[in-house]
Every structure is written in C-alpha cells, then in structure tokens.
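Can you keep this structure in mind? I'll have questions shortly.
Letters A, B and C mark the chains in the order given here, with residues in each chain numbered from 1 onward.
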Amino acid sequence: MTQSDQYNFAYLDEQTKRMIRRALLKALAVPGYQVPFASREMPMPYGWGTGGVQVSAAVLTPEDRLKVIDQGADDTTNAVSIRKFFEKTARVETTGHTVEATVIQTRHRIPEEPLGEGQILVYQVPIPEPLRFLEPRETETRKMHALEEYGLMHVKLYEDIARHGEIATAYAYPVKVEGRYVMDPSPIPKFDNPKMEMAAIQLFGAGREQRIYAVPPYSRVESLDFEDHPFCASKADHPCALCGALDSYLDEVIMDDDGGRMFVCSDTDYCAARQAAGHLGAMAASDGQEERR
Amino acid sequence: MIEIDGVGKSFILHNQGGAVIPVMAGAHLVVAPGECVALTGSSGAGKSTLMRMIYGNYRAAQGRITVGGVVVTGAEPRTIIALRRHVLGHVSQFLRVVPRVPTIEVVAEPLRLVGVDARAAHDRAADLLARLNIPEALWGLSPTTFSGGEQQRVNIARGFAHDFPALLLDEPTASLDPVNRAVVLDLIEGAKARGAAIVGIFHDAAARAQVCDREVDVSAFAVRAA
Amino acid sequence: MSTARSFDEVGQEVSEKSWHRAKPLLSVRGVAKSYDGRVGCADVSFDLYPGEVMGIVGESGSGKSTLLNCLAGHLTPDRGEILFDSRAGGLRDTQAMSEPERRMLARTEWAFVHQNPRDGLRMGVSAGGNVGERLMAVGARHYGRIRASAIDWLDRVEIAADRVDDRPSAFSGGMQQRLQIARNLVTGPRLVFMDEPTGGLDVSVQARLLDLVRGLVREMGLSAIVVTHDLAVVRLLADRLMVMKSGQVIEAGLTDQVLDDPQHAYTQLLVSSVLQV
C-alpha cells in the first residue's frame, strides 16, 4: 500500500499524459488519422495492451469508473491485470457493467449495450496501419493516406473474394471515417463495425507502433465493400445458449472431444444481465433447472 | 507527284578516318501521276540511294525532294511517317516484320494504319494474297519462315494493299516465276491506271519495257571520284 | 460499297488529321539532370505526338534511364519543362503540378513498364488483383466488372483466363512482363514509358512481346517512349529514335533513317557494332 502511494496518478507522469492528450486531441480533430506519439515503456509486455493502457491513463480522472474487457469478457487474465493495474495506480472505481462505466478499455470487442455520450471507449491496437500487409513501406502508406489513394485496400478485398468467393475478412475489417481516412478498427469482429457510429468517444492506442487515432462521437464510419459484394456484419447463426440472445456476438465453446459445442455471448456483462432479467437459453445452468434434475 | 531537284548525297565515315564518299550530285527527276519511271545504271550508280532518299530513309545532303507536295528533305519524322502511311508506298526487296505476326496481318497492316476497319482490310489482304498465289494455308503463319519468292510476294501484297498515290518499287519482279511476274506487272499497271506515280528499279528488261514510260540513268548524277 | 469508300476517303481524312490538326502529347524543353556535378542528361528537347513511339538508345550510363525517369516524374530534373497534354487540364508542366495530380496522372493517363516485372507488379497479389488495382484506384467498386475487365486484359496479353487467381510468382518471365503491361494499360493510358521492356527475356519471348506491344500501340493509339540498348527492338517498335551518349542527345530522327544513314560518329559505331545473324 505504501508502495502504490508513490505512483503518480494512473502510473504515467504528468508530462507524458499531456503529450498523449495532445495526440488525442489531434486525433479527434482529424478522425481516423494516425497520430504518432512517444509511446512509453509500460510494466507489461507489448501485445498486452500498452497502447490502450497509456490512452486510458491519459484520459482517466479520479471520478471515473473503469471497465476493462478482453474479447468481451471482464474476467480474462488480460482484462483482470489491466483493471488491477489501474485500481492500484489510479485507485479509480472499477465495474463490470457497461452502463456504469465512464471509461471502457477493450481488446477485440465493442460492448453489445449501446454506449452513450459521456462514455469513452479505448481500443488496444496491435497494427494500426490498414495498408500494412499490402504495402510494407511506411513512407508509402503515409503518402497514400495523405493523397487518399485507397485503391489498394480494395485489392485486399478483391483478393478475398477471388480466393474465398466472398469477403472473408472477419475481423479488423477496414473502415473509412467521415469519408476521408481509411482506418483499422483494431481486431474487432466485423459484426461490431456498424456499432462504431456511436455517441461515445472512441480512442485507439497502438503502443508498439506508437500511434494514436480516434473516432469522435456520431462520426460516419463506413465498412469498405464492393457494390456486388456489400458489407455484411455476420455472426454465428445461433441464439446464445445461456441467455437466448439473437442479437449478440457469439463465441463458440468446445465442450468435449465428441464435437459437443455451444455458442455463448462473448460480452459476459450483456449475457449475465439478460440472464438476471430472466432470459434463458437452451443450456442455461439456472439454479431452478439444477434442482429439478 | 514526285519531284527531285538538285539532290546530292555523300557518306562520311567517321570511324574510318572521316572518309567522305560522295555518291550523287545534282539529281533531277519529276514523276507525274500515272507515270512509271525506271531508274537505270550500273550497280553502284546510286539507284537504291536515290530511292532511299525519296523514301526518307537516307538524308539528302543537298537539294530538295517533294512527294505529293510534302517536302521530304529536312522533314520532321512525323511528317515522313504520315507521308509513308498515306501517300508513299514502298516495296523493298527485303521483308522486315515482327516474327510471329501472321501473313494476312502483315499484308493488312498498311490499311489498318490508315484507319480501314479490320474486316475490310482482311478482305483486301486475302484478295491480294490469292492473286499472288500464296496458298491460303500459309496466311495464318509468319512470313519469316517462307521461301525467298514467297516473301517477295508477301512484300508486294503489302505494298499494294493501300492505294498509295506514289510508289517506290525495288526489283518487284526479281525471283518470281512467270505466272506471278505477270500478276505483279498487272498490279503495277493497275496502280498507274488509277493515277499512282511510280519510281522503280527493274533489272528485268522486258518488265521494264512493259510497265515503264521512261528510263532515267542515274549514272548521269554520279560524282566522279577526284 | 462501304469498303470501296473506305480505302480512299478514310485514308485522306486520317492523313489530313495527322498532318495538320495534331498537337504534341508531350513537349520536352531543355530538360537536364546531374548527380553531384556529374551529367545525367543535358538539355534534352523534343515533341512527342499522339500515336508516336519514340526509342531512346545508348549504352549503359548514357543517360537514357535518367531521362526516362525525369519524364515519368520519378526524378526531378534540375532544369527544363515537361509539358503534357492531359485529358482534364490541357497542356501543363508536370513539375508544376501538385503531387496528388502527378500521381493521379501516373495511374490514369501514364503507364510505366519496368525492365524487371517484379518492380512493376505486386508479387503477393493475384494476376487479377494486379490488373484490377488501377481500376480500383480510380474508383471501380464492382467486383464482377473489375474481374471481367482483368480477364479481358489477361486475354489481350495472351494469358489464359484460368490463371487469373494465380500469383505472378507462378508465372514465367515473359508472362510476368505481359501481366505488367496489362496492369498498366487497363485504365487506357495515353503515354507509356518503357524501360528495357524486353531486357531479361529470351529472344523468342521478346518477339512475342514486341508484337503484342505493337498491336496494342496501334489499337489504342498509344504514344510510347521506349528506352533500350537493343537496336532490333527499336527498329520494330519505334517510329522515331534518339541516340544518347554521355547525357547528350547526339542524333535524332526517323528510326530507319538513323539506323540506315547514321550521321554521327557514335551512331555509326553503334550501328556497325551490331552482330548480324
């Protein structure tokens, strides 16, 4: 306890937070544009969300209530350790409930519950450059963004259709923000893409790649597609086995070695809230069912 | 149609001590539409050199050559290209084409270049090849593999495909059998009849007598070595 | 009746057009480029007209590639003007254009065929994607039509339709070069720059490529500037020729005239040095 008192609020020093806030303001002013920033060494390995953590640290205030999710779940290692990190260094309140949170740091998902004004969604981003796999030169991709030369992005989708008969890109599906910058939405499933037109502020942090970008509230976010192969926000065609939801993104869970499997909401808070409200799926393990057995 | 006035030519061999070889001076010749003029003179007298200067292939050192009102001497490349495309045809002794192009295309090309549609150009090419007794089985093959006589006839067909107002013929009947020789002479007479001005080199005296209106001995323009 | 008309009258019309109405597509004035005081190319001027193919020959280091790269906007010349008659803006100095304009020109009205197809292709993208890229770059967003156009172009460069999904790495050198040409011509450019287009190819493959390029130039009314050291290539492909030595244009004219009646000592040497077969 005495040790944690010695941390500056939210771990980063004030100068660093100012630097990151400046980058965030610039990112909000130019939606979808990747702003370089001097990413700091964090007490966790790259790939564990160092970009997102720095962004969260820069926007957190003592009054905030933080939620951290990894693949939609609040209780995975990554989410738990980041939540603990801020409990310790910022001593902010934390929550598992989407509606209660003011800042939500996420890896690979957008919560099912629509976000509102006053909320901030912070994404952890591994590779911020959507053109990277087609054009390895950073000098060239920057020029392509500057000149709005985005034909190459469609080449990637073309290749998908040529090879798989449809656009097989299922996550990190490229979007165009406010009709200008093409942006990597981080590895969220394409099911979440339509949700990016939201009332909350969306901030993206890539620690290793030292880039920050943002989508201001109510921005237009279009998923790229072809006229004859329109974008489709697909998901597994099942109801949630636990809460029966038909509208949420599902994880496939393998049950045994005999091909047994179940589909459950990836957003654990959403699923739990529905179950608490009495919505039950086919395999819901409610107390009542247990007793009857 | 073709006017040559005071034309001279010499070659400077820069890589052989700058040797200057004068070959022609003061050449003069006028060929009217419908007229066929044979260039004569011994080998080396400058028949080919004069033909090449008319065609724009050699640069004249002095004088002036006009074809159909276009000044060839000192003309821009594109002027010569347009002249060759539309006005001045040339049947050389050698066929120079991209390997692999079918014979029928080689013959149709001059027509395609002046904007004739593919079908009409092909019909005309087929007609000429048939008249010149090139077996139809060969039309789809490249002429680069043909015998000398066949290549010569393809060259003639190509030269007569478009109705050029002016024509240069370099030994058009050489290495031809009597039947095809007669066809070629027919083509030349046909060209004259429609008003083409023709300058040719014919070693075949009988052919010369049949189609040429007059002969010009280029030895008269030769420069005697000092 | 229509055919009887076509020989005479069409010829007459075209002849008038090509003599009087044509204006240069590319107008080059006093272009010079040096590298740290060493001359790359010096004071080059010429006009290129629509439909013309110009060859630039010279040995390695003569400045022909420097000139080509200056013309194509890959290098910035130290001096001189390069005026291009663009569809949109008329005759304009390409150096005075903004970079977006120049890059747009480079992928719409211009094409650049590299000696090494690997420099001009995306090796990790299928043949169809390679051809379709320029279409998508100018806004094509209909997969079916992009693909149909790619297959049509593969056919025009004699690559079978069933190779459309193969990557260029699975193609022979000649096929790669033909794919590069298809990729470049799909947007209907008006000016094509070619840097030793037959450079690394077998002789038999060269002939096929030359024939193809000649056919496309004629059908599409393309203008082209072809840099090569191969005199046989320029004789078959180029209407006009520029001979370069030590960065200078030492002789220029009609291709066959320059090759058959060379005036300059160096050109005479170049022509007489070619091995006859």
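Keep this in mind: a contact is a pair of C-beta atoms (placed from the backbone, for glycine too) under 8 Å apart; a residue touches a chain by one contact, two chains touch by 3 or more.
Which protein is which chain? UniProt says A = Alpha-D-ribose 1-methylphosphonate 5-phosphate C-P lyase; C = Putative phosphonate transport system ATP-binding protein.
A quick note: this is a predicted structure, and the numbers were derived from the prediction, not measured.
Chemist: Tell me which chains count as touching both subunit B and subunit C.
Modeler: A chain counts here if it touches both subunit B and subunit C, and no chain qualifies.
Chemist: Per-chain Cα mean versus the mean over all protein Cα atoms: which chain has them closest together?
Modeler: Closest chain centre to the overall C-alpha centroid: C.
Chemist: In whole angstrom, how far does the Cα centroid of subunit B sit from the Cα centroid of subunit C?
Modeler: The separation of the two C-alpha centroids amounts to 30 Å.
Chemist: How many angstrom lie between the centres of subunit A and subunit B, each centre taken as the mean Cα position?
Modeler: For subunit A versus subunit B, the centre distance works out to 77 Å.
Chemist: Express in whole angstrom the distance between the two chain centres, defined as the mean CA positions of subunit A and subunit C.
Modeler: The separation of the two C-alpha centroids amounts to 48 Å.
Chemist: Quick check on the complex: what are the subunit C residues that touch subunit A?
Modeler: 99-100, 103, 122, 124-126, 128-129, 132-138, 141-144, 146-147, 164-165
Chemist: What residues on subunit B touch subunit C, complex-wise?
Modeler: Checking each residue of subunit B against subunit C gives 11-15, 52, 56-59, 77-82, 85-87, 96, 98-101, 111-117, 120, 123-124, 162-163.
Chemist: Considering the complex alone, what residue numbers of subunit A touch subunit C?
Modeler: 134, 147-149, 151-152, 154-155, 158-159, 161-163, 225-229
Chemist: Where on subunit C does subunit B make contact in their complex?
Modeler: 2-3, 6-8, 10-15, 18-19, 22, 49, 52, 207-208, 210-211, 214, 218, 235-236, 239-240, 253-254, 256-257, 260-261, 263-265, 268-269, 272
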